[in-house]
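Next come two complexes, and both contain chain A; in the first it sits with chain B, in the second with chain C.
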Partner chain A sequence: MASIASRRLAKELSEIKSEGCPVGINLVKADDFSTWWFTIEVMGESLYQSEAYTLQFRFDAQYPISSPAVQFVVTDGRESPVHPHVYSNGHICASILGNEWSPVLSVIAVCVTLQSMLASCKKKERPVDNDRYVRNAPDNPKKTQFEYHDDRV
Partner chain B sequence: MNSNKVGALLALVEDPTDFPANAPSLRTLDAAVRCPICSEYFAGPVSLLCGHCFCSLCIRNAIATPASKAQCPTCRTHVSESQLRPNPGMEDVVSAWKLARPCVLGLASKQLEEDVVGEPAKKKRKLDDDSSRVAGPSRTSSTESTSRSDADVPSSSAPAGEGHVPKPDFVVACPLCTQSMKYKFLEAHMTNNCAPVSPSKPSAPPTSKSKSQKNAWSDIMAPKSRGKDKDTSDADHIPKVSYDTLKDRQLKDKLAELGLPTGGDRAAWIARHQRWSMLWNANLDRAPAKRQSKAELLKELRKWEDERAALRSKQKREKEKEKPDDHAHLKTHNAEFKKLVAAARPKSKGGATNKEVEVGIDTSPPPSSAVAPSLDLNSEADVIVVDSDDEDEKGKADL
Partner chain C sequence: MIRHNMLFNYVLEVNSNLLCCICRMPFVDPVTTRTCSHTFCRDCLVQAFDHARQCPVDRSALSVDDLLPANSIIRSLVDELVVECIHRSSGCTYTCQRQLLTAHVMNACPFGRVPCPKGECSENLARIDTESHSCGVHTLAPCDLCGAKFQLDDLPKHLSKCNETFVTCEFCTLELPRCDLPEHNAACPEARIQCPQAPNGCGWTGPRATLVSAHTPSCPYEAIKGFFALNTTKFARLAEENLILRHRIDTLESAFQTNKRELQSAKAALGPWYRSDGVYPSSVFPGSTLPSADLPPELQPASASSSSNTQSHARRFSLRVNDAPNEASPPQDFAAYFPPVSHEEPYNDRALNQAARRRTLPAGWEPPTLFGGVGTPQHTQVAPLNLSTTLEGALDGVRESVVALGGAVDSLGRRSDIALTNETLRLNEEIMSLRANVHGLRMQVHTIMMDRNAQVTGRSAEVQNFNAGAGILGMGSSDGTWPLPMHAPPPRGFYGYQAMSPGGLGQSTTKL
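After this line comes the complex of A and B, so read on.
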């Protein structure tokens, strides 16, 4: 049972529990080693002030060699932030979740990156192809081949 | 039930947060000797060209994964498997830290307790007195070695170590490989990367001067090297194989040569050979004393294949479940189709035509039906007036 993936996740979790999360990030639930929920909130001046969003992580047996599937939760009255790289179904177009994932990254590192992605946003808008993508999007964002074109964030 | 499992594993797994929060330097130290990929202590650590260090198996795995490009997980500089270099220094640090950890952990938590009680004056003395008791249940079997490792550890906080140094003829266990030897040979043994010591004549360095000089020359001139006569002849890295150039027969021979099972199909052979090379080469990156036997490696290979097979069958089952249901697709998108049809309708001429279009959509299978409505919108009204068969073909052509 104690595979590499769950051992590594156990270590990440115990670090979260003992040292706490960075400011604005909170653990919602981590009852197993397949799905974790976090809330993230952008601190300081930003377009998303005092708005909290829920992030979902899904891990497979190859973690951390393969990236976790990360998206915003859009059920139970939760919404995805309006952002040029976030689709209304919660999927996120960010290179570190796809081809730039590295096994040295951690769940918290991803949270912080996404937090800063929101913080640096200049204009609240959906991606241009939002409707088209959402209509046919697969359940798992990892199955989408995103094209990363914007290196500003 | 699941959360119980999580809790159990959390309690079981050792990690830097075992150290109290008021000792951040100890946490950092513990984290520094762990592989950034698996978060375990380095097992057969190797360095890349950029200097970053990982478990041999972890980095081989990371490089071999097709999704990741061949780059250092930390700094993204390019790497290749042939550039991996074992890092025996780090390996020694890890072994030493593993031995010292229970003791340091004991000291740190003890100190925490005392800080709470609040008698900082006596702290130092007491720490040293306690050290031997704390280290009692540590894993080394011989008492001499325990006392030695004790002496090493607290010496940083107070000069208590001197009294513990064993006499030169004392038999002690090597803290790295647990081999027993006289204390005076221990240092040479350890600097030699745990070279085996035969009990009758102890290893090379402390022998007579003239002989060692001769040996030194012959070592330089004749590359018989102590590595070679120690490792058996098959202890070489398995070179990379370009599987595409091999015929089935040759591939099978290769597996047989390595003493691996030859069951399964070509894909299984390739996967098996790749995994075996990875396990084998990673094992060679460890210090000789820490290497696993071939039987252990074979067992690990079997385990990996079983897990992989289990995962495969699970994915297959899920895929079958996910298979799109044609009727469900039609049903869920019915409203959309209707809307598109309605949008196209004003352009068409009569009621009869409308009916035909609708029929066409209802009976065509989902892939083409998904395209058909958009055809309706884009093409001329006259073109839409086709019967369902033609429409089907059109959809396919577009796909």
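After this line comes the complex of A and C, so read on.
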């Protein structure tokens, strides 16, 4: 992995370790600079109260210029939240992970955004095309061309 | 130039305002966007443009043309951050400002990579290793005997072998080992040698064997060998002597140059008093020959003033030179004994011109005697600058002139004081008389006014007999020094006037 990405990730990791994560977000593992796991929990009144989900970040050599591949972990007994923008295979339809990614965003910023996405959910349901997508979905959610049609949540 | 952040290790915590939000490191070559004023590393932003042509912070559209170099304050702040040397892992503990690190790595760092200093191999090696670097495989050294090039390590081996090689003498065709060749060349009878008298001019060369048998008896130089030896010694001695003499000439020349320069500066300092012929006017130092010089000025013989102008002129200076210690005597006393030298008098053409140029005061100048009779000398003579005497004499003359001028200024001042006092007194008297006149006039005017007031207010004065109009009239004259004319009868038209001014008494009063 290129040094730029690893230096940037090392910096983010040291900040996480020195300053801690925001409330409801916890680092599970960050053994290398390719895959990190976080748990996120929605605080306060919401449909996902007292439910914890695991987020997986995968970084490539172009990080932070290119976005990380972010999805919910659905193995080892973990599940993805039931949400209009989250597929059952853990893939997330969120513009900041696709064409609205900006290099100034960071891992923690993505976590907080997804946390607030869950918190603002009104109705627990899968996306309408969930079954069709999950059947054909690639392993890496970055290879999916999402259409960001719903900007309410 | 080290441009990329991944190479820098910052010694101290860096202010978070100086961090690029893309790489989260201090800016390197920072640029600021023209439209939204966000700052990034240039490389980071250009890379981000590959992803999306927008500002990473606010997502506004951007192009490379919208990037301006960041404010120089920001540039300086990040350029002056202290970083570790990039060869820290190799052992260099040097730290310096980021902008100076390139120079350190290029020029000084013991672990910086430099090309082979001998230029014979293409290896890049750490600067610290260049001393021990031998370039072994590439360095070639020539053999002293056969001229062939060998690697440095192989040379000793080659030399021993080379010495054993048989070579042929070029004169006698004898074959012998190379190590014996010099010895053989010194003795080979066939070797061509020069006549021993070659330095003296003999052009013979031939085989060594024929030198003694054939050439030496016939060589004309051999016959006068003793003469050549003598000559050579003599030449050597002369050359040596020449060398010493040349040395002395050099020394003398430099001394002469120094003297010349000193003379030049002395000449420049002397100015017009420099005499190239060294002849000064004989009357410059006649002090002891002039008995009259010792006499008080009052006892000078009258002939001094009747002598010719040039003589008196010169004598005056000589007199002053001799009297220099007696500065106390006022110079005006001397001046009285010499006729005033005006520039109309033809005493010397050259001196005339110079006098006209250099005179500070006209020769015939007399102090103004406005209020005469103060008792100071009527005219103080100022001599023209005398160029025909020595510098010292001229200086003395100038000093005397200054003293005379001082005296003249002093007496002028005193006269001015007296004149001023006199004038002030006179003016005082005049002012006094004017004041008296004014006072008289005021009295008269006052009388007239009182008359008029008495006419206007005549009736009320009669009615209020007691206060006699003083308070009513508003004159404020409680001191009673002004005459109050109470007896004047009212004018004829008084009642009519009173009828016409209904304002009453107060309005018709007149204040002085």
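Points to keep in mind about this one:
Keep in mind that, in the parts below, the second predicted complex is superposed on the first by the 151 of 153 C-alpha atoms of A that agree within 3 Å, B and C clash if a C-alpha of one lies under 4 Å from a C-alpha of the other, contacts with A are read in each partner's own complex, and residues count from 1 in each chain.
Just so it is clear, a contact is a pair of C-beta atoms (placed from the backbone, for glycine too) under 8 Å apart; a residue touches a chain by one contact, two chains touch by 3 or more.
Everything numeric here is computed off the predicted structure, so don't read it as measured data.
Overlap between chain B and chain C is detected when the two structures are superposed via chain A. Residue contacts after overlaying the shared chain place A:18 against chain B, while chain C stays out of touching range. When both complexes are overlaid on chain A, the residue A:31 reaches chain B alone and has no touch with chain C. Once the two complexes are laid over each other on the shared chain, residue contacts for A:102 go to chain B and to chain C alike. Looking at the superposition, the partner that touches the larger set of chain A residues, chain B or chain C, turns out to be B. Of the two partner chains, both chain B and chain C are touched by A:7.
In the superposed model, A:66 lies in contact with both chain B and chain C.
Within the superposed three-chain model, A:52 lies out of touch with both chain B and chain C [touch as defined at top]. Only one of the chain B stretches 40-48, 238-246 or 328-336 carries C-alpha atoms that clash with chain C in the superposed arrangement, namely 40-48. Touching of chain A by both chain B and chain C, each in its own complex, is seen for residues 4, 7-8, 11-12, 62, 64-66, 99, 101-104. Interface residues of chain A, counted against chain B in their complex, comprise 1-2, 4, 6-8, 10-15, 17-19, 30-33, 61-62, 64-66, 99, 101-104. Listing the residues of chain C that touch chain A in their complex gives 4-6, 21-25, 44, 47-48, 50-52, 54, 56-57, 59. Looking at the complex, you find that chain B touches chain A at residues 2-3, 5-6, 9-10, 12-13, 15-17, 21, 36-40, 58, 61-62, 65, 67-69, 73-74, 76, 307, 311. Residue ranges of chain A in contact with chain C, taken from their complex: 3-4, 7-8, 11-12, 62, 64-66, 99-104, 106.
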